[in-house]
Structure formats: C-alpha cells, structure tokens
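One structure, as structure tokens, below. Some questions next.
As written, the chain order gives the labels A, B, C and D, with residue 1 at the start of each chain.
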C-alpha cells in the first residue's frame, strides 16, 4: 500500500481523457476563507487548511473543538450558522467526528474534522450549546460508534435497542455473510461484540480495500498509513 | 436481573447537574439492561415455550388433534354454517392501518382512487387491532419493531390473517444481510399469503388479497394451525 | 396483557399502565440513563403518559412518540426512533458504489429519486466526473416531478391528520399519475433505480413524454382545484394558522432545513445556496413565508409545486441532445479522498459524506436526512398544545421514517 | 367441569349456537305437552289473554318497542351503505360493488361478519361496565325512536311529553360512552370517553334551547301535534318560521351524533378509535350501529320538527281531483258477491296473465328459452300486482304516502350528514366547546326572545304565528 495519498491533494480526473468533450470543471474554492481560517486558527489546527471541490477543510483535536466551533459560529467574519451535518468516522485506527458547516458569507462548505479519538474511550465535547439540533446527530454517533459527547444532555442509543451492546458502524463490527440465523429463532441480532484495544483478542478489521474475502483483512496495528483518513497523525 | 452499569445516574448519583459534566455512560462499558424488545407482553405467546392462549384452538393444539373431529356429533350443520360464516369473512376483510416502510405507500395506493380495494369490501382500514381482520405487513421488519408487531398480531381477534407484502417481509429482501432486520416475518409470526416484489404494485397486493379470499373459503371453517415458520397453505 | 395492576380510580391516572391496544408500555422498564430521560419519565400529579406508536394511524410510519399530557394538553414529549433502522450505511460500506444506489433507494420512499442521488453525486465528485448535460437535465426533470408528487402527498396527509379524508385521495391521484409516468421512464414505480454514476439509466422515451405532456396540460388547474378544498375551509385554516410557530433562531439552532426553514423567512435552498447540476441555468424563485406556522408550511408547499412546474417547463424547452451516460470502466475504482455533497429534497437538504480508499467500495458512506433534524423541532413546538395538535404539527413537518431511521 | 367444558370448547361458534337451541326446543315441547295434559296451559293462556285484554296500552307499547328494536338494524345497514357509496363517490372511487346488486349487501356482510368475530375482554377491564356499555348506548339510541311519528297513526308511543322524553333518553347515551371509555382500561378510550361526555353534554343545551321556539308556537311537547301544526304547503314548515332554530338544531344534532366535523370521540388520527378502541366483535358492532341509528334518529327529528314530518311539501289532492280521483278512495267491493267467480279470479287470473306475458316475451326475445321467459313473466306479473297495490294504498291510505314523504326527508338529511363527513376536517376540542358556549347558546336564547316577542306582537294584532 505504501503511504496513503494526502487528502488535500487535488488529483486530476482519472477520466479526463475519455470522459466527455466538456473541459474539466475548475474546482471552486474560497481562497479568502482559507486565509481567514489560517490567520484565525493557525495555532489550533492539526494540519494546514486544505480545500477540494467546493469544500474547505480544517482538522482540529478534541481539545480545541469548543473554541474553534464557537468562533466559527459567532465571529462576524465567519458566521457559520447552519450545521449541515455531523458524522462519525471510524478510520480503523482512530475515530473521527466530521462537521459540515454553511455560512452565507462563503460559497464553500466548511468541513471541520475532529481527529484522533482513541477507540477504547473516545470522548469529545458536544456542540449542542451552539446547535441543539446536533443532539440527535450526536446520539446517532454514540449509537453507531460509541463516541461520548460530553455535555449532551440525552446521550442514549437512538436506533438500536437499549440493551444492544456493540457499535455497528465500527470497522471491527463484521457483517455476517450468512443470514440463516435470525431473531425469529430467539437469536439476538448477529454481531461481533465490541472489543476494546487492551482486551485480548484484536478482531480483524478492514482498513484497506477489501472485496469480502480474507485477502483484504488485516490487523489494525499493521497498517494505518494505508488509509487516507489517519493520514499519519493519530491524536493531537 | 437489572444490572446498573457504572456511569449511569444511579451509580454515581449526585454528581454535578451542570450541562457540561452531565453523567454520561462510557463507551467501553456498554449499557446492559434487561431485554425488553423480544419479550412480548404475553409471555405464553409464540416464543414463550408454552402453548398459545390467544386462539380458542389452544386446547386442541395441546392435544395435538389439529382440526380433526372438533365438531363431535354436530358435524354437518356447523360445517355448513362455518361455510356461510367464511363466505361473510371472505367478503369483509378489514385490514389493520399499519405500514412499516416503503410498501406501505403501495398499500395506501391500493386503497385509493386509482385501484380501489373498497370494491372487494377490503375497507375500511381499522386503526385499532381489536377490529381488524387482516394484518398487511408492508415493509422491512427491523428487530426493534418485531416485538411490537408480534403484539399487534396477538391483539387481533380470531379469525385473523396475515399478508406479507414485499420482499423484505417475505425473505429479508435487499436488507437480508443487515444487522438490524428480520429475514422474513415468517420467522416471528405466521403468514398466510406472501406477496413478493420490491415493492409489489397495488394490483399485486389486490391479487394477494383475492388469493386470501380463496384461501379463507377453501379452509371451510378450519383455520390453519398458527405455527411460526414458512407455511404455504395448500390449494393456493 | 398480563400482570398489569388494576386501577379503579381516576385520582391518579398516571399509574394506569397502557392497555394492550397500545402495543408498548410508555414507561421503559429500565432505570433512566441520562438526566433528560430521568426528567421526562418523572410525573407530576395530574400528568400521565400516552404512547403513540410505533403503530399509530398518524405517525407516518413507525415513529413512536411518548407524550406526557395533563388533561388534553401536552406537557412534554419524547420521540423514540429506530423502529425502521435497516443499517443502510453499513450495507453501503459492504457493497460497491453501484450497490449503494439501490441500497439508498428506499430511504425516502416518497421521493426515491433524491435518496438514490446521494451515492451518485458523491462518486461523481470523487471522480471529478463531468456528467453529460442531457443527463443533468433529465435528472432535474425527474427530481422536480418527484418533488411535486411528494408535496401532493404532504398536503393530503396534513388534511388526513386533521380529519379530512378526501384530500389524501386527491393527492394520491396526482402522485399515482406522476409515479406511473416515472415508471414509464425508469421501469419501477416506487423505488426507481434510475440514476447512475455518470448519468442516468436510460434516455427519455415516448410513453414518458406523452404521459408528461398529458399531465402538464392540466397540472396547474388540478393543483388549484385540490388546494381549493382546503384553502377556503374555515375549519382547516382555524386549526393550522398560528399552530406550531417556529422562529428563525430556533430553526437555525435546530438545523432545520427545507420548507420548515423557508416558512420562517430564511431563503435557504441548496439549489441556490450551493448550485449543483444545471439549476444555475434555470429560472425559479425560492418561495418563503414569514409566519413559520403550519399554515405557512402548507402554503409554502403549494408555492413550491408551482415553482417545480415552472422548472419542468423550462427543462422541457432547453433539453439538449447528446449522450446520457459518461464512459466509465466496468469495475469502478473511486480514487481516495473525501467528498460532501448536498442537494435539495422535498424535505430539505439531503447530504452525503463519502470516503473512498481507492477500492470499489465506499470506505464510509454517511447519509444525512433532513427530516431526521426536522423532527427534533417537534420537541420544541408541541408542548403547550393539545393532543390533536400534535398530529397537525408533526404532519406539517412532513417526516419520513425511512430516511430518519436509515 | 372439564367433562362439560372440553366438548363445549370443541364446538365451533355455530355449534355453540345450535346445540343450546336444540335443547331449548326439546324442553319447550315437554312443557307444552305436560301443560296441556295437566290442563294448566289452557287456564294459563286464558288468564294471559284476559290480562292483555284489560290493558291493551302496555301490549301495544311492548309490540311497538319490539318492532322498533328490530327495524333499527336494517336502518343502520342502509345508512352504512349510503355512507360507503357516497364517500366513494366524493373520493372519485367506485365503492363496494361485489356483494349484492351494486354492492347493496356490503354493509350487511360487514355487520354479520362483526357478529362472528372473537369477543374479547382485555385484562384489567371493568367487566360489568365493559359489557354493559354497548347495550346502554344502543338502547338509548333505540328508545328515542319510540316517540318519533313516522306517519299519521304510525308511531311507537304517543306521549304528551314526547320532545322532553326524546332529549331525556337521548342524553343517556353519554353514560354508555363514559362507561366504555373508563372500563376499557386504555388511555385512548379514557380520552375518547371524556371528550364524548364534554361535547355531548355541552351540545345538549343549544339542542334543547333551539326547539323552545317551536314549543312556544305550538304550545305542546307532543310530536304528533307539532307535526300537525305544520300541515299545508311547505311554507308552513317551521324551517321558515324558525330558520335560526333550525340551523342551531342541525349543528347541535351533528355534534350529538358525533359526526364529522365534531367526531372527536373516535378521532382516528388522534386517539386510535376513541372509546371503542378495546372493543371487538359484536360489542364494537353495537357502537358501530348506534352511531348510524343516531344519525337516522336525528335526521328524523330534524324532519319532524322543522321539515313538516309526514306532511307533503304541497297538497296533492287538487292534482288527484283534477285527474278525477277523490281521496280517500272508497272501495265498495264485496268479494263475496263474486261467488264462485272469486275462485276463478284467484286461481286462473294469475296463471292466465303469466301465460300471456310468457308468450309475448318468448316471441319478442327468441334468444330466451321458454323457461326463462316464464320466470321473467312471473316476476313481471308480481311487479305489476305489487305496484298496483302500492299505488292503491298510497292513494287510499294516508299513512303510506306520509311514510313516503317522511323517509324521503330523512334520507335527504342523512345524505347531507354523509356529505359533510366526506368533505370537512375535524375541529379541535377547545374550538368545539367554544363554538357551543360562545355562539350556539346565545343564538338559541336570542331565537327564544325573538319568537316570544313575535308571538306577543302578533297576538296584539289578533293573528298567530
């Protein structure tokens, strides 16, 4: 696999030659927004501000999240008033939380990635003090990834039954290939129980392209550079 | 058998009530509560290990006599009367107003002006299970919904019939491999007529209901033994 | 059905457990886990829980809402989701990008043309793929037709939850016409698996165009007729006007998008805020209202139907020639990277966040459904109203459980 | 115990019905034989006959009550069929069209099916109240029908306080609804029962006040006299002398019958089925029927009080006399005078007429066989005879034509009820109460004052209203 491609790089289209007679679309990025972000948060960002297509991206650690988000929401130069999305991501090595913001001042989407959350106890501050609509999104992230948003008043499971014990969207949660067993026969939903890092057995997980066969399955310690999202920096 | 995990309000009650340090469960120690999803309210129904007490055929099922000789000396007259009764039931099927997912749209469309189920007296849709005859399970059945669906089925008075509408209810369909769905409702409840399709057109549902009418008439007052599992009735 | 204590006095109805006809007991059998849950599931005297759903005539699917009422007045409510959770995101990660299209289809089963667009747009953005313009126009045509059918159903459902039984049938007549029309185009009536990465599945055909022309000739008149049944109805106006007023600040804080947001006066429509496809080349307005109540949402839907008819008219006149599919390799390996797309569905801003690791399968595929966020507003709007208004407010927010529960 | 219960549980529903019937039949035969032999029975019969001869009023009351109780069921069937078909028409649907000609038997099938469903009592229900509630509701509806004058001389019981009796007994239904709502042990039912109590009690007030004007004009509570006070052309109906009262009465009656837009008691989209949520089988059927019987009764009362009851909208006697018929036609016809000719008439005339018709039909329509044409001719003959009899009765017996007009007016009002249900949404509970107390009651009081003033003024002028 080698070192994974860096995310910010603007790669030429694979199909530029044969796609269509129309010339390739020039990615629209807001340079002014990138400059303002760099000036404002230079010390708090983990990597440089990157942009691709119509999305500007910054990566922060969980410690800096509250200050960065409140500044983005409140400052007159940003005014990112609308939380477009809140998503959890499991890179196979660490967990991330990805925020997408919209501002009337910028043609770009802003993507804020809170990176480097350890798998065994991922904790980060909640943003419900800015957008109380983020409450259910954080509940969903907790339900699917086990992310703990400190400050969310109602951090319950929202999709799975309350007695469900693992987090389905983690990479160590394997989908069963045979659907023969079913709750109808008194069997609980098929799942691979969530294993913490220090527990003995480290489950197989997919961090590299897998076609379903065991060829693609590796152990988390071995790779990690292979996947685009860890990108070398793990934790702040 | 309630286990209160560390981190819940009981365990460390009296912690600060400020929003930011609210007591939140930890990701590593999952919440364990008694299973309430799979125990329906009536413990003796279906998976309770005891014979069902809902249908008035329970006693016969205990004696494993099936429907043979249930009339005793009055064999001729009641059977004829049941033939008449079944003719009435066949021509007045009130479905339960309950849709689970996508197929519910086509179920409603089957009842509306374009293709009118009311012509066959399959109307009105009753809102209360106490007054419904047919349970049209339309849409994917998730493991969380299975318990309530079983209880709905228990609440319907005999004689009652179940129509599985759509691939998801027949076999799991396109979500068969999911971790949260039941692979076919016949694993948790009896089914009389299967209507495949993703989703079936309203004409398909009406055809299935007509098949159900034929089935009711052919049973001649003898209801199928409510065994959970694929039961494709004879003669249909 | 067994073991419930018998209560024989009206002094404290709160200790009355729900009877069999409500299929789940309102109060959970385990101790509360969060302070919000503990606060909700504690009763003052005179209050009692009523459990609506998961099977309830007017919860639009398998939504379950536990409401705490004092007499007929709703004090507080707690929506319980997940009864239609199908694990679509996990399934998308286990299939390749093409499977994701058909797996996302049933999410929004009233407007499938939108939910199936998520993996398509994400993959195209990751591929830097230029879609043929004819394909873009056909997509816009299909989207707007589907938007009209969805709005027609919204109007009918709002009337149904208010007790009127006729408008829903008129709405279904409109919906069935449009959906049969799209079935002539796509081959499927409800879950059209039509959009493809790099274009659409097939070009326009004669049956579709003839049905479309037949419908366009009388679409506007039909909409006015069926809306006249409610616009001039005193009971309907009296029940929806001033009901469930959502302020601008509350709407922004709750991340509400779509008609509920535009009904508060904020003209946020992704078709204009972040233009995609060929919407920049089309003329249409973003109707807004300032009241923010249920009646405003209803009128806003009517205006949006008119705007969609305008768009369809332009699209039919500007439809270019050319291919409808870009050339793509059979085994589609999407280059690594992250991409976020957002587009305007009948219920608001649909979003998708895809991560590709260079394989043919999405490494992570996040689905953002607008009604998932819109439904949170119910918790702020309903308390203080009567039980009957709970249904009216929920219907006016137009949630779709398939998208909410994923 | 199991010796009895096990075979009993093996019987199907029909068996459970038929077996006791056979036992009762045998027992009755034994009683008759023994009674006749011992001579007790003739004496008993004689005593009973004497007792009945002494007080015919009670006998008449009992018979009338029984007949009315029986005819409510087809009335309910008729209303349900009207509703299904008319709502389907408004919805651009076809409606039931499979059972019976044009689906006319669909409602009958629904009713009989409900009869054969499992009868269920939920755990925790208050069994006596739960069991009695449907009977209370249904009987309250039926007993009000006792005083409704269908036609001249055709009424259940001629009370001098008929109007008062109507309102008093009609109010009993609320008790049944509250019993159902409370005893079902379900919160939806509880809400539905309380809503029913609130709305029905608050709408009783304008309902009663709105007819006070009529009582003041006619000076009686007797419904027959109220109808006879409206004789003449349709301009003499109270609808034109009491327009405001008529409007208030109709609105309040809609709420009394809990029809849309006032059907909060079983609001499907809010409280699942209201007070009837937990009811299954025939108990639910009683509620179901009672609603439609109520609709019929309130339409009938509107027709009686404001639309002239059995009175024809115009006097048809001049027309008939112009034709040459003077009513009542006096048929001076003594069958005995025919002698043996009567025998020929009875025996041969039908056969001859049928034969003639058969021949004509068979010749005209050659595709039919002789048997088919015979059957058709027989039916045609019956139609002719029945039609002739009905025409004769309508001209000769005034109650037939009166019943015709009464039923016509009532059915028209029922169709209007159904049309409202098909088109209007539902009001909220606070709007319901506010409308009753803020608008209907003051309007009814105003109506009373205006009527009283008009009576006094016209009395000064020597006229009567």
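What we mean here is this: a residue touches a chain if its C-beta (ideal position, glycine included) is under 8 Å from a C-beta of that chain, and two chains touch if they have at least 3 such contacts.
These numbers were taken from a predicted model, which means no experiment stands behind them.
*Asks:* Please report the minimal path length, in steps, between chain A and chain B on the chain touch graph.
*Replies:* Graph distance in the chain contact network comes out at 1.
*Asks:* Check C-D against A-C and say which one is joined by more contacting C-beta pairs.
*Replies:* A-C
*Asks:* Suppose chain centres are the mean of their C-alpha atoms. Which chain sits farthest from chain D?
*Replies:* Here the answer is chain A, farthest from chain D.
*Asks:* Quick check: how many Å separate the C-alpha centres of chain C and chain D?
*Replies:* Computed value for the inter-centroid distance: 47 Å.
*Asks:* I'd like to verify one number: the distance from the centre of chain A to the centre of chain C, where each centre is the average of its C-alpha atoms, in whole angstrom.
*Replies:* 25
*Asks:* From the C-alpha centre of chain A to that of chain D, how far is it in Å?
*Replies:* Inter-chain centre distance comes to 69 Å.
*Asks:* Measuring from the mean C-alpha position of chain B to the mean C-alpha position of chain C, what distance in angstrom results?
*Replies:* 27
*Asks:* Using the touch rule from the top of the page, what residues of chain C touch 2 or more other chains?
*Replies:* In chain C, 1-2, 20-21, 28, 30, 33-35, 57, 82, 85, 87, 90-91, 94, 169, 173, 405 touch at least two other chains.
*Asks:* Which residues belonging to chain B are in contact with no fewer than two other chains?
*Replies:* Residue numbers touching two or more other chains: 22, 24-25, 31, 33-34, 36, 97, 112-113, 127-128, 130, 144, 177-180.
*Asks:* Give the residues of chain A touching no fewer than two other chains, as numbers and ranges.
*Replies:* Answer for chain A, listing residues that touch two or more other chains: 153, 155, 157, 159-162, 168, 173, 175.
*Asks:* Just spell out which pairs of chains touch, all of them.
*Replies:* Those chain pairs which touch are A-B, A-C, B-C, B-D, C-D.
*Asks:* If we count contacts the way the header does, which residues on chain D are in touch with chain C in the complex?
*Replies:* Touch residues, chain D against chain C: 87, 90-93, 122-126, 182, 184-191, 260-261, 263-264, 267-272, 277-278, 421-431.
*Asks:* Okay, in this complex, where on chain B does chain C touch?
*Replies:* For this pair, the touching residues of chain B are 2, 4, 8-10, 17, 22-25, 31, 33-34, 36, 41-43, 96-102, 104-106, 108-109, 112-114, 127-130, 139-140, 142, 144-145, 148-149, 151-152, 154-155, 174-175, 177-181, 198-199, 201.
*Asks:* Contact residues on chain C for chain B in the complex?
*Replies:* Per the stated touch rule, the residues are 1-2, 20-21, 23-25, 28-35, 38, 54-55, 57, 61-62, 82-88, 90-91, 94, 102-103, 106, 109-110, 168-169, 172-173, 175-176, 189-191, 401-402, 405.
*Asks:* Could you pull out which chain D residues touch chain B in their complex?
*Replies:* Listed in rising order, the residues of chain D that touch chain B are 6-7, 9-15, 17-19, 84, 88, 91-99, 103, 106, 109-110, 112-113, 116-120, 268, 272-273, 276-281, 284.
*Asks:* Show me the residue ranges of chain C that touch chain A in the complex, using the header's touch definition.
*Replies:* 28, 30, 33-37, 81-82, 85, 87, 89-91, 93-94, 125, 127-133, 252-257, 268, 273-274, 326-328, 335-340, 342, 349, 351, 353, 355-361, 363-364, 366, 368, 372-373, 375-376, 405-406
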